[in-house]
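Across the two complexes that follow, chain A remains constant while its partner is chain B and subsequently chain C.
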Partner chain A sequence: MALLTVRDLSVTFDTRDGLVRAVSGVSFSLDAGRVLALLGESGSGKSVTLRALLGLHPAARAHVSGEVLLKGRDVNRLDEAARERLRGGVVSMVFQEPMTALDPVYTIGEQIVETLVQHRALDRGRASRRARELLDLVQVPSPERCLASYPHEISGGMRQRAMIAIALACEPELLLADEPTTALDVTVQAQILWLLRELQRRLGLAVIFVTHDLGVAAEIADDAAVMYAGRIVEQAPIRELFRRPAHPYTEGLMQATVRRGQKGKALVPIPGAPPNLIALPPGCAFAPRCGHVRGECLTTLPSLRSVAPGHAAGCHLVA
Partner chain B sequence: MSAAPLLEVRGLRKHFPLRSGVLQRTHAWVRAVDGVSFDVYPAETLGIVGESGCGKSTLARLILRLIEPDAGSVRFAGEDVRGASADRMKRLRRDMQLVFQDPHASLNPRLTIEDAVAFSLLVHGTSRAEARERARALLGRVGLEARLYGRRYPHELSGGQRQRVNIARALVLDPRLLVLDEPASALDKSVQAQVLNLLADLKAERALTYVFISHDLNVIEYVSSRVLVMYLGEIVETGTADALAQAPKHPYTQALFASAPSLDPDRRLERPPLSGDPPNPIDPPSGCRFRTRCAFAMPRCAETPPALRAVGEAHDVACYLYEREAIVGAPTGCTHSGPGGDSDLRGGQSNEDGTRRDLRESRAGHGTRAPCG
Partner chain C sequence: MWAYVGRRLLLAIPTLLGASIIVFAMVHLAPGDPIAAVMPAESSQAEIEATKRAYGFDKPLPVQYLVWLGRVAQGDLGKSIATRRAVVLDVRDALANSLVLALSSSLLAFALGIGLGLLAAFRQGRLLDKAASAVAVVGVSVPHYWAGIILIIVFSVQLNWLPAMGAADDPGVLPYLRHIALPTLALALIPLGVITRVVRSAALDVLNQEFVLALRAKGLASRRVFTHVVKNAAPQILTVLGLQFGFQLGGSVLVEAVFSWPGTGYLLNLAIFQRDIPVLQGVILVLATFFVLLNLAVDLLQTLVDPRIARH
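What follows is the complex of A and B.
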């Protein structure tokens, strides 16, 4: 059985301007120990999807439908106490901006200890020792100093390591990472990506890694799901995605990304801009920007069709 | 590059005071830009690359005299920018324009984009009718047809469209030099390529000169003819974009190239080229500022900062490892034995957190990339 199965997940937000269809009919599954990259640009629905997996969207603002089965249990049907236990023990999350995710008035040590006392019911002495071990695990060079520091006293890279330590405190099986390296410098990003991969391998974690960066996905993922306008438009093992992108959007994204050694060759941008999620077109949401658009693309929504084993694309061109 | 430089920057320095307490006494200085010199030649694109806190954005503001330097000089087309009177400065600002990173924060939300573009023309004494006409023509050129977009407000546009407005606004006075501070970094990749192509076309059409600032090495390599690499307020290496891409010399430049994702799942980083974050520019390390993260640091690196020395044609590097080959025509191939050539460095060395690093293996990414799975 898959660790996580998502079926027909949709998330809408009721706003002053109208109903925002942030996520529409997203389905995927993830086995234990695998790394899935959710790839997409701003507004593609990747972060909203991730938050829905934890049941983090407040019912007053968002309407969530579909199933999120975590170890066979539907996250959206659990009461808050049961969800709380899942969040501690089975799944945890690393955010993009550790400065806003960490509490500024507590030291790193206090925050890790608090997590352990709350979720693991350790006494403070044992929790302190475990906090020290966790900082060793995420390779903080001087753990004692880091434990005694407030978030603003340590560097961005150290803060992100501390946040990963907190996320790993309860030994989760699934780690959700929302652009955890986007706010970091490139030399520090390389360190954090490498660390996450090492930890994932060593601890046998399943990871969902949300990113807008093809390069980051290539570094970390086993599989990728490309999102556009709230839907998954392509799913494939990561190598396959880079070698044979099947959806015109994925292909366009690859061509629009500046690579090394591209000097002197013109970039091929995707024309236009992503659609308004309040007024999505009836057919394929990418059709207005697509170079291969046909009549049916404007009227009928394409379903995900198989291109190769484990590789599917939501495009009418895929026969 | 026999022509006279369009922009000459010499010994530019800016330290920001950090104040605290009731009396707001200065207790430390942020050494944002510390003795930076370079030339920009007509029609070239000079790329400036570096990580957060390296001083690249402060440098942009110093060039345009949006902030006053503590020391050093900026000359534009032979004229001293720092000593210019208010009148001359207004004239100089027509010739030098800045495009900011954040397209959301840099437009007045109460002006239609047509008015935003026409605004500086009005300030410079153009009639209202003519200013409007020129603004509309320029909006059309950057891909925002004035008939459809001219009367819209910034919040009605996407990030990419707003950045086009910023570019039109910078160009409306027919400048000769455009300083672009991360002009495409806040945009999605698909839109980033549109803006980079537009900037390339405009440069050719209008014989513009660019100073292009970015943290993204791939973008810098793509757009630039020459590149400056900055670290903690100083230039550590400068050379043609090709020379830097093929044979980066400074251990920091090498690490920057090696850290950038390869976009190839079969060539993943096997280990990070550098450990630690960039140090705080408030209290930078003595001597060479990179030495605390450098695998090749020697005792003398802590004593005196190395000066920029020529290691090839128009290729300068500030690193003691190249002292012996600091002559024009020195070997620059990527297969060359690397920094210094001292074989006792080959094993790498331990740094403060105990991880062993060897840049020689990791440089240019060959040694440290591995297939996925």
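What follows is the complex of A and C.
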């Protein structure tokens, strides 16, 4: 059985301007120990999908439908106490900007310890020892000092390591990483990426890695799902995706990214802008920006069709 | 930490000196001649001059200031022109009464305001939030002396439950509480409104930050998340509490006048109408000192709560 199965997940937000369809009909599954890259530009629904996996959208403002089966249990049908046990215990999350995702008035030590106390009911002494071990695990050079520091007192890279330590505190099986390297310096990005890959292999973690950076995805992922306007438009093993992108949007993303052999050639941007999620077109959401657009693209929503085994794309051009 | 406290105390000295100059100058800028107010209309020029000399009004202003400051430093605020009692004694008694009233009304306003504000923030947009906002608007908008008069009409005149004015003459806790109840209520209205609004917006600011989502994402129980939010909002709330307590002490003139509560406000009111300059100076100076020390205490408390506020 897959560790995580998502079926027909939709998230809509009721705003003053209308219904925002942030995520529509997303389905995928993830086996234990595998790494899935969720690709797409800002506003494509990547982060909203991640939060829905944890049941973090407030019921008052968001409407979530579909199934999120984590080890066979539907996150959206659990009561809050059961969800609190899942979060941090079975699945945890690393955020993009550790400066804003860590509580500024608690020390790193306190923030790791409270997670352990919550899930493992450890006493303070044992929890502190475990916190030290965790900082060793994420390769913080002087763990004692880091434990006693407030988030603003340590560097961005150390903060992200501390964030990862918190996420891994209770040995989750699934790690959700929401652009964990985007807010960091380039040199630190590489270190954090390397650390995540190493931890993933050593601990046998399943990871969903949200990024808009194809290079980062290629480094870390086994599989990839490309999102556009709240839908998954292409799904494939990562090498297959790079070798044979089937959706014009995926192709466009690759044309717009610096890659090997790029020197001397201009990058090709995708023309236009992503659609307004309040007023989505009836057909393919990418059609207005697509160079291969045909009549049916404007009227009918394409379903995901198989391109090759394990490779599917939501495009009318794929026959 | 202690070096920081010491430095902040040193910094308070120029503030206090500035306040003393303003207090001294203000009184001399005010229209009306204090000597004329106390001397009988038919007194001779010589008698007036003698009184002026006795009170030191014949010397140049800077000299008058230094002489006054020297006495103040020794705890001598002079004698009341109207009653000839030492001002220190009057101010001391009045300050005690005002402090009790400020404390009781602050306690009421802080407890209710913080509670309502937090409830409103955590129930944002729901009925309770709207009710709390209504309470806040009423609290801030209703003039407290008017509210005082209404309270007297309802609880003293019509229902005859509570006394309308003064502090208790007979000893005992119950008569004291009965006398202080209505002024406390009237004086608590404005800070209740202000604190409810500030606490609500401070808590909402924190709730909208990403780390609250991160706390929930790591499975922290909502009770613990609440603690995090309160601790983050605390510095902002503390500032307002300190300021409001200061206002309670200095801003109770009208309420003390309505209820004839023998506090600093009442004394100030009396001194203004009698042009009793030494009393006026004494009361304002003591209140200003109190305000400065209060702000200092709040600042120090904030550094204890929020590590980002520098301690060096």
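By definition in this document, the second predicted complex is superposed on the first by the 315 of 319 C-alpha atoms of A that agree within 3 Å, B and C clash if a C-alpha of one lies under 4 Å from a C-alpha of the other, contacts with A are read in each partner's own complex, and residues count from 1 in each chain.
Going forward, a contact is a pair of C-beta atoms (placed from the backbone, for glycine too) under 8 Å apart; a residue touches a chain by one contact, two chains touch by 3 or more.
Just so it is clear, the model here is predicted, and its values are computed rather than measured.
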Overlay on chain A: chain C relative to chain B, clash or fit: fit
Touching partner for A:85 - first (chain B), second (chain C), both, neither: second
Touched partner set for A:19, first chain B, second chain C, both or neither: neither
Contacts of A:106 with chain B and chain C, given as first, second, both or neither: second
Which superposed partner A:238 touches (first chain B, second chain C, both, neither): first
Chain B versus chain C as contact partner of A:150, first or second or both or neither: second
Greater chain A contact set [chain C / chain B]: B
First (chain B), second (chain C), both or neither touched by A:278: neither
Chain A as apex of chain B and chain C, Cα-centre angle in degrees (nearest 10): 80
First (chain B), second (chain C), both or neither touched by A:263: first
Partner chain in contact with A:95 - chain B first, chain C second, else both or neither: second
After superposition on chain A, the shortest CA separation from chain B to chain C (Å): 7
Residues of chain A that lie at the interface with chain B and also at the interface with chain C: none
Parts of chain C lying in touch with chain A, wherever the complex brings them together: 125, 209-211, 213-222, 224, 228, 231-232, 305-308
Residues of chain A touching chain B in the complex: 41-42, 139, 141-142, 155-158, 185-191, 193-194, 197, 212-216, 218-219, 221-222, 238-239, 242, 252-253, 255-263, 266-271, 273-274
Contact footprint of chain A on chain B as seen in their complex: 51-52, 158-161, 188-194, 196-197, 215-219, 221-222, 241-242, 245, 255-266, 268-269, 271-278, 352-355, 372-373
Residues on chain A engaged by chain C in the complex (per definition of touch): 51, 54, 56, 60, 80, 83-89, 92-93, 95, 97, 100-106, 114-115, 118-119, 150, 152, 163, 166-167, 169-170
